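Please find the structures below.
Shared chain: chain A. Partners: chain B in the first complex, chain C in the second.
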Partner chain A sequence: MSFEWPWQYNFPPFFTLQPNVDTRQKQLAAWCSLVLSYFRHRKLYTVDVLEAQESPVFNNKKIERKLSVEAIQVVFEELRKKGNLEWMDKNKTRCLIMWRRPEEWGKLIYQWVSKNGMVNSVFTLYELSNGDDTENEEFHGLEDWMLLRSLQALQTEGKAEIITMDDGKGVKFF
Partner chain B sequence: MHRRGVGAGAIAKKKLAEVPPPLFELLNKTFKTHLEEFASKHKQEIRKSSQFRVQFQEMCATIGVDPLASGKGFWSEMLGVGDFYYELGVQIIEVCLALKHRNGGLITLDELHQRVLKGRGKFAQDVSQDDLVRAIKKLKAMGNGFGMIPVGGSYLVQSVPAELNMDHTVVLQLAEDHLLKEGLAWLDSQAAGEPQYWLPALFSELSSRDVTPEEANQMTP
Partner chain C sequence: MDRFTWANGLLEMNETLVIQQRGVRLYDGDEKAKLDVGVVLLSTHRLLWRDQKNHECCICIPLSQIIFFEEQAAGIGKSAKIVIHLHAAPANKDPGPYQHSKFSYIKLSFKEHGQIEFYRRLTEEMTQKRWENTPVSQPIDTTAGPKAGRTRAVGIVGIERKLEEKRKETDKNISEAFEDLSKLMEKVSALPSASILPTSVTTAKEMVELSRSIANKIKDKQGDITEDETIRFKSYLLSMGIANPVTRETHGSGTHYHMQLAKQLGDMLQAPLEERGGMMALTEVYCLVNRARGMELLSPEDLVNACKMFESLKLPLRLRVFDSGVMVVQLQSHSEEEMIASALDNVSDKGSLTAEEFAKLLGLSVLLAKERLLLAEKMGHLCRDDSVEGLRFYPNLF
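The block that comes next holds the complex of A and B.
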């Protein structure tokens, strides 16, 4: 299914960081929303800031407009403040886009586990993210780092325990 | 005296000013009488035909008379011309208020014209864009918060709250600062040539999508 761009995406000034404070607020809110839904749609989790400029979301070739690197940084800072983004390095060249937060993923995973009566079973991380049983679940294909975070969130809630096994990590659900 | 053209009214006024008072009185009375006759003879046409109104206005301007100078006055009472523009002014205010939540208080003269005509119905009098411009000028003079911004060959009509200082509203090309400041315009710095200013109110894709009031409010203050 192709992505449905919001009308702002075809509005040329949307790609210029607005000088008016109130206007900029509206603009940034719309950008945050667009980035999160685009990344969610494409199931992308990480972004390299320098490569981002060429991504369709920040570069609309049809109207010949793209966000500057500076503007992309501003949008990312907004996302970070909202808890949807984390920098992977000190120099802020690469980041994680969390269109769904670890707690939310954890909830989905636990729902699946309990629905299938598999509480008290042990899973490897691989089984959860790439097993045949989870093929139709939203968390199928979830990247390792995010899966781990989600399980850590569940662990904090007392609903799971992360185990270290011979060939990797696993998890037990309660 | 009946020559039309730039400055004819001013010249006429000057000539009148040089005339000795008693004669001046007589001339004034004569003009008035003639115009009175003319007006009552053509009252119907004045109300019915916009072209006639334009010509009548030009004629008045030539001899330095503004039939709309005072709401209640000899001219407007005599001709009903004042009533016509007063009623039109009310209609204009109604259209602008009705659309304000969608366009943020900015409307093209074209669209305003279309909607006013629609509102008047099939059997109502003909209304031209010239009529609208005059009516808006009247509204502006009465301090109703209206302004007209020249754009391209036409105008944008701006209905603003009374609190905004109307002195800041100037020609669109020079008003970019103001529009930006008020959050009515967005800056596009990637346009070829100079920076451009866009008005969400006029963005065709936006208006063609039948935007809900909530969506429009998202983009304008």
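The block that comes next holds the complex of A and C.
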């Protein structure tokens, strides 16, 4: 299924950071939702800032417009403020895009676990993300770091406990 | 400078003020006098000088002491001067700022110009010698001991003196206010051929008579002018064109000059502004005005200062400064909202516009076109597309 671009994507001013404060707010809101929905569609989780400029999200070849590096930084900062982005390094070269927040993932995982009556069982992380049982689940293929964050969120809620095993990590659900 | 005596700045009974000019420094011969810059006043009997900051410091000299006088042209960094050569001081002269001086001439240095007018008036007074007809005694010291400066106001005499002072002050102010008109009268009579001139020639004389009568009425009855006279007065003013350019030398500098200039600009710019859609950049105004004047060109500061007075003089023009610093003169009737609404229409029609395209569409200069687009953007009607191709404006669809 191909991605449906929003109307702003083909509007040249969308790729120029607007000086008018009100206009800018609307523009950034549109960018945030575009980035999140695109990443969700492609199931992408990490972005390298320098590579980002060439990604179709920020570069519309058809109208020959692309977002400048400064503007991309502004969009990322906006996402970070909303809780959808985390920088992986101090220099802000790579970041994690959480188009779904850890708490939300945690909830989905727990729902699946309880639906299948597997509470009180122990799983390895690999089983959860790549196991045959979870193939139809949304969290199938979830990257490790994201999975870990989600389970940590559940842990804070008291619904799970992360266990360290010989060859990796596991989790027990309550 | 030793011919001067201390004075109280009041005019005597038969003495009238002829002209005064501020921004004048006195010279004892070729050296600067130990006084600051002040106001020089010419009366029918005397030449007075008063310190601008300290009004108590006032000196005078009778006109009869003047042998002759001449102009000294301005130089680079030097103001124009009038050199006045004096008789020796009489033996019983009252005390003054200087006990003796090795020079028998003084100079008046006109730092704020106005020397041409002053010179002319001084010549007039020296020719007419009005002080001989109405002799005025030297001000006599009524209090014991030597003193300098204003008379002290004590008791009923003091109160009376204060009232007298006030009356003279008002008189002086009114004479000053109509100073220009006497000048206009002068110019009118000097003009050669009546056939080329509009009816303003005859109305000028009438107008001046009227203004004098109004001035007298104000003095006597404290401002009881009939409405009829006021209306006549105003109609005369309206019918008056500007006979000659207002220059610094004839009218002195300062806000007075700028006010006159502002009025002149108000008339001059009406037509060009309407042609250009109600708005012109200040640089365009500058070029237009100076080209029309030919000689006696305006400096940029004078133009800006005159433009700043539009609002206070209730002229139908306004000086406006945009955020970017661009200054324009626009008609008061010019409505910015209308302009922005029409700009939005234009941009919507064409989908998008650059400043240059917009300028071409409207017949405006590119600078003003850009200002208008930026203003529309600021109000949220337009948004921008900045790329290697240039800056374009789109209707704000966000």
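Throughout what follows, the second predicted complex is superposed on the first by the 174 of 174 C-alpha atoms of A that agree within 3 Å, B and C clash if a C-alpha of one lies under 4 Å from a C-alpha of the other, contacts with A are read in each partner's own complex, and residues count from 1 in each chain.
Please note the rule applied: a residue touches a chain if its C-beta (ideal position, glycine included) is under 8 Å from a C-beta of that chain, and two chains touch if they have at least 3 such contacts.
Because the structure is a prediction, the values reported are computed rather than measured.
When both complexes are superposed on chain A, chain B and chain C occupy overlapping space and clash. Within the superposed three-chain model, A:Gly83 lies out of touch with both chain B and chain C [touch as defined at top].
Of the two partner chains placed by superposition, chain B and chain C are both touched by A:Arg65. When the shared chain is aligned, chain B comes close enough to touch A:Asn10, but chain C does not.
After overlaying the two complexes on the shared chain, residue contacts for A:Gly158 are found with neither chain B nor chain C. Touch criterion met: A:Pro19 reaches chain B and chain C at once. Superposing on chain A, the segment of chain B with clashing C-alpha atoms against chain C, chosen from 81-89, 117-125 or 171-179, turns out to be 171-179. 7, 11-13, 15-16, 18-20, 22-23, 26-27, 30, 64-65 are the residues of chain A that lie in the contact sets of both chain B and chain C, per the superposition on chain A. Contact residues of chain A toward chain C in the complex are 7-8, 11-13, 15-16, 18-20, 22-23, 26-27, 30, 64-65. Only residues 180-181, 183, 186-191, 196, 198, 200, 203, 205-206, 209, 218-219, 221 of chain B touch chain A when the two sit together in their complex. Across the interface of their complex, chain A is touched by residues 352, 377-378, 380, 383-387, 392, 394, 396-398 of chain C. Touching chain B in their complex are the following residues of chain A: 7, 10-16, 18-20, 22-23, 26-27, 30, 64-66.
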